[in-house]
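Taking it in order: structure first as structure tokens, then the write-up.
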Amino acid sequence: MDVVLGPHQYGKAEVRLVHVVRHGERHDLTDLTVGVALAGDLADTHLTGDNSKVLPTDSQKNTVYAFARQHGVGAIEDFGLRLARHFVESQPAVTRATVDIHEHAWGRQGPHSFARSGAETRTATVTVDGSDAVVVSGLTGMVLMNTTDSEFFGFVRDAYTTLPEAHDRILATAVDARWRHATSGSDDWAVSFGEARRHLVEAFVDTHSLSLQQTLHAMGQRVLENRPEITEVRMSLPNKHHFLVDLAPFGLDNPNEVFHAPDRPYGLIEGAVRRDDAPRWVESWWDV
Amino acid sequence: MDVVLGPHQYGKAEVRLVHVVRHGERHDLTDLTVGVALAGDLADTHLTGDNSKVLPTDSQKNTVYAFARQHGVGAIEDFGLRLARHFVESQPAVTRATVDIHEHAWGRQGPHSFARSGAETRTATVTVDGSDAVVVSGLTGMVLMNTTDSEFFGFVRDAYTTLPEAHDRILATAVDARWRHATSGSDDWAVSFGEARRHLVEAFVDTHSLSLQQTLHAMGQRVLENRPEITEVRMSLPNKHHFLVDLAPFGLDNPNEVFHAPDRPYGLIEGAVRRDDAPRWVESWWDV
Amino acid sequence: MDVVLGPHQYGKAEVRLVHVVRHGERHDLTDLTVGVALAGDLADTHLTGDNSKVLPTDSQKNTVYAFARQHGVGAIEDFGLRLARHFVESQPAVTRATVDIHEHAWGRQGPHSFARSGAETRTATVTVDGSDAVVVSGLTGMVLMNTTDSEFFGFVRDAYTTLPEAHDRILATAVDARWRHATSGSDDWAVSFGEARRHLVEAFVDTHSLSLQQTLHAMGQRVLENRPEITEVRMSLPNKHHFLVDLAPFGLDNPNEVFHAPDRPYGLIEGAVRRDDAPRWVESWWDV
Amino acid sequence: MDVVLGPHQYGKAEVRLVHVVRHGERHDLTDLTVGVALAGDLADTHLTGDNSKVLPTDSQKNTVYAFARQHGVGAIEDFGLRLARHFVESQPAVTRATVDIHEHAWGRQGPHSFARSGAETRTATVTVDGSDAVVVSGLTGMVLMNTTDSEFFGFVRDAYTTLPEAHDRILATAVDARWRHATSGSDDWAVSFGEARRHLVEAFVDTHSLSLQQTLHAMGQRVLENRPEITEVRMSLPNKHHFLVDLAPFGLDNPNEVFHAPDRPYGLIEGAVRRDDAPRWVESWWDV
């Protein structure tokens, strides 16, 4: 047998970029964490340490900063496209570039004053592979809770099942969602994101849930029915359990009022909702 | 020499309590992390393992949950007072109880639907020592930034100083503030908190800063000048540096537009602003 | 167009299991974090909330604990196989089960006393799909450093490149490695793991590195050349940069002695080394 | 009433320093996180933004790196003393300097190759106040477990107590300990640390525990009885609960074999053990 090189990529991860645009007294603020990953004709550096086709990850970082000055940032989808295309087009050895961006939200407190909005993050992952470009938008860290309108019953009972049926429980999750766009062009990525996010939240709120799987599907379906530019939605939804505390030993009832919220373990529900004609979406670059 | 027992306390930390109040379709939600610490005549358990004066930390946890059902939660200052007084009054061996509460904010999305508001947390630390009760309110994780109106010049230059003077820099911090109330009673802790928070933010926004120390002082002063119920404000303010990226190697200028934001190290500015007649505030229970 | 359900799975994540085996005074300790994910004929719960094919994630958690008592734990690969096979064989709707285990190491301090060994974790991911079983072993959080014998030169210099060539630098990484076994059976998973780990460390130590990619390849190659039971090694290696501090402003040289170690950004080098006849390894369940 | 400035200090936190000493082929490695805090005549910068007495935190960081080159690092107690004395002696406005150091352990893998040893960290906090110097050594993140020889019974049972008595339980904790030295000079800080650590571990292992408080006291006592250079030991010991899983629903017993380990809540036991003639130890700089 011979030992051979398998799939590989490299890049710079977690470049922290804060970009300020000054319109006189009034400033705009963009706060990003950017990752770059490049693939292509890179066997030499693995096999012999010949780096003649390797663009340093330090240069990739510099490019992120320089592009923010040269072209501005704008929508993270556009910033990602600009960067990814640059690496593929300017580096002969590079055939695929993936740019992954997390945008940290700030709320305005004054003309040039801001407050961080929280843990929720808008995301974009742009992959340019030869002349193809795929744009995936998303969000992570959006924590939602319904304090009623959630049930879970009629499930399988095997020898290890002790869970009682629930006809009124808390449903809480931290939404990690991403969705693929039909094309790599858009006049208004911000509107598309804002509307997709709104539909996710509203479907979570509106759905009388019989399982978190059902809620997941309703959320994806709502986005697809309203946003023609999106072809598929993928979600990972932890079921953040809230257990009713047994207060009977203290002579108290507990009519769905007092809950404890353990950190672990948690249910994890993952799934995709897509148009029947959606293109194949390869999740992992290892599998390309 | 003899070996003796020094200061000591014990309790339950990080009890996660989610409390739902149902007004028909419309629910209210409170999400707390509660810690209890008790001190008093507890030498025996240390010296011989005789636990006859030890209320288990498990019972302390149960009390948090039972009290939420029996008395509701309300303002975290009141919830803390109720718990701390209970432990001192009901346990002969306990002379001091400290209850520390973090409240995690949720925004309303529907009659019984909510979304987590972010990393900022409202805090209260209540200490009942004999018949005295001290209430400290506060917040942590409030990240603020001014993109201008901040300078730093005229500082000491020693042999290890290379920092250039700055006449226009970003000032960013994650506010960790706590403030002591003159009394342990209030008709409206929520208003007091909301106003104190507002003054902190507004002073940060309004101050043309010559140093983060000056901003810290302005923030505390603003609270004290407007809130007579507060006697002292203490703050820990990390100086979250934003460094201008040198784009000159790429033929670009950088007129305060593109910054990198390292995680570490960071400046750390800590200080108290108080009324001249404020009572002595002992920070650490080790020092009581 | 129609909206359809795409790939999906569900399960319980991060079940914390501590298992003690008592041989009289002498105890053995196993500390695991276990995740279970099931896939199969699960469309109903997504589409209508009909849970009649859904084994609750709570039952999956119970199974982990009960199996530890019924069968013991043993090697995590065997424990994962036992669990995964159970779910596929006992649940008609389940066609694929993945069990992911992290083992937290403890060192012995006495017959029944232990100390946690650190952040490095042994891992196993077992996937049973119908009658096929794939076992992937690995480790994560192993932080290695060479303080010399590392160079990086001869790389591409584009318009954004400022990095100087390095002929003596620190090379540091946090190894995240996983390797696929040729078969799902083994007489001694512990020996296989220990030897694979040893070869990874020794190859890192022995390789005079011209790039982290070259080191990655050497590490994988070393494992494959010595362990016939392993068909492919995959690694994600952050390049944990250590930058020489410029001490010239203080009249000091710095002959590779004083470094600062930023957290972010970091290079990220990822790749596989495999036998030329290794079976196709699908990284993500989304891509099955 | 007047608003006045209360206690205050400032400095640079979390300076990451990696120091390599080369003895030919064989290198030694020291990996530190260093914090500096200065106090003194610093009212002006708070009140008016006049920084003429403020040594920038950037200069403090530079000093850490320069001193590593000029004087080497050596024991972290000595490195802290050297830095703290420098700031007090060279800055007229500075009357007190505190240097806090965490040392991250690495094990040797070759002449110039190392592997991180884990989460346990050796610590030193040095405070120079005028001509006084106080040295506190310690460790944090040392996770210990006894799988038997721990009981908890005879405790108070109030209306909220449901905990059963335990005559054979797991006792686990993450030791956060610090101890004050009688003097600020030592020929061998490393021996003192190593022996103090050894006594802590051995007392934990040897003590048949009736409460974690008793174990805490035994640990501190053991150190003081063996190390005359140490006057007081302070510890914060989380009681990392391990709960027996109820397997009865599955027809299984559980003779102290299968445990689940929740993250929160946890007991928190804190206390000091000291010589009867130990000097007063002020825990918090706010309380000086």
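Each chain gets a letter, A, B, C and D, in the order it is written, and its residues are counted from 1.
What we mean here is this: contacts are C-beta pairs under 8 Å (C-beta built on N, C-alpha and C of every residue); 3 or more make two chains touch, one makes a residue touch a chain.
Here the structure is a predicted model, which means the values were calculated and not measured.
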| item | value |
| --- | --- |
| Longest centre-to-centre distance from subunit D, chain (CA-based) | A |
| Pair joined by more contacting C-beta pairs (A-D or A-B) | A-B |
| Between subunit B and subunit D, centroid-to-centroid distance (C-alpha), Å | 22 |
| Computed distance of Cα centres, subunit B from subunit A, in Å | 31 |
| Separation of mean Cα positions, subunit D and subunit A [Å, integer] | 38 |
| For subunit D, residues contacting two or more additional chains | 15-16, 62, 66, 160, 162, 249-250, 262-264 |
| For the subunit A and subunit B complex, residues of the former touching the latter | 15-22, 27, 29, 31, 62, 65-66, 68-70, 106, 109-110, 112-120, 142-149, 170, 201, 204-205, 242, 245, 247, 249-250, 252-263 |
| Complex contacts: residues of subunit B adjacent to subunit D | 1-16, 33, 35, 37, 42, 45-63, 66, 90-91, 93, 152-158, 160-163, 209-211, 213-214, 216-217, 220-221, 224-225, 232, 234, 238-239, 264-278, 281-284, 286-287 |
| Contact set on subunit A toward subunit D in their complex | 159-160, 162, 249-250, 262-264 |
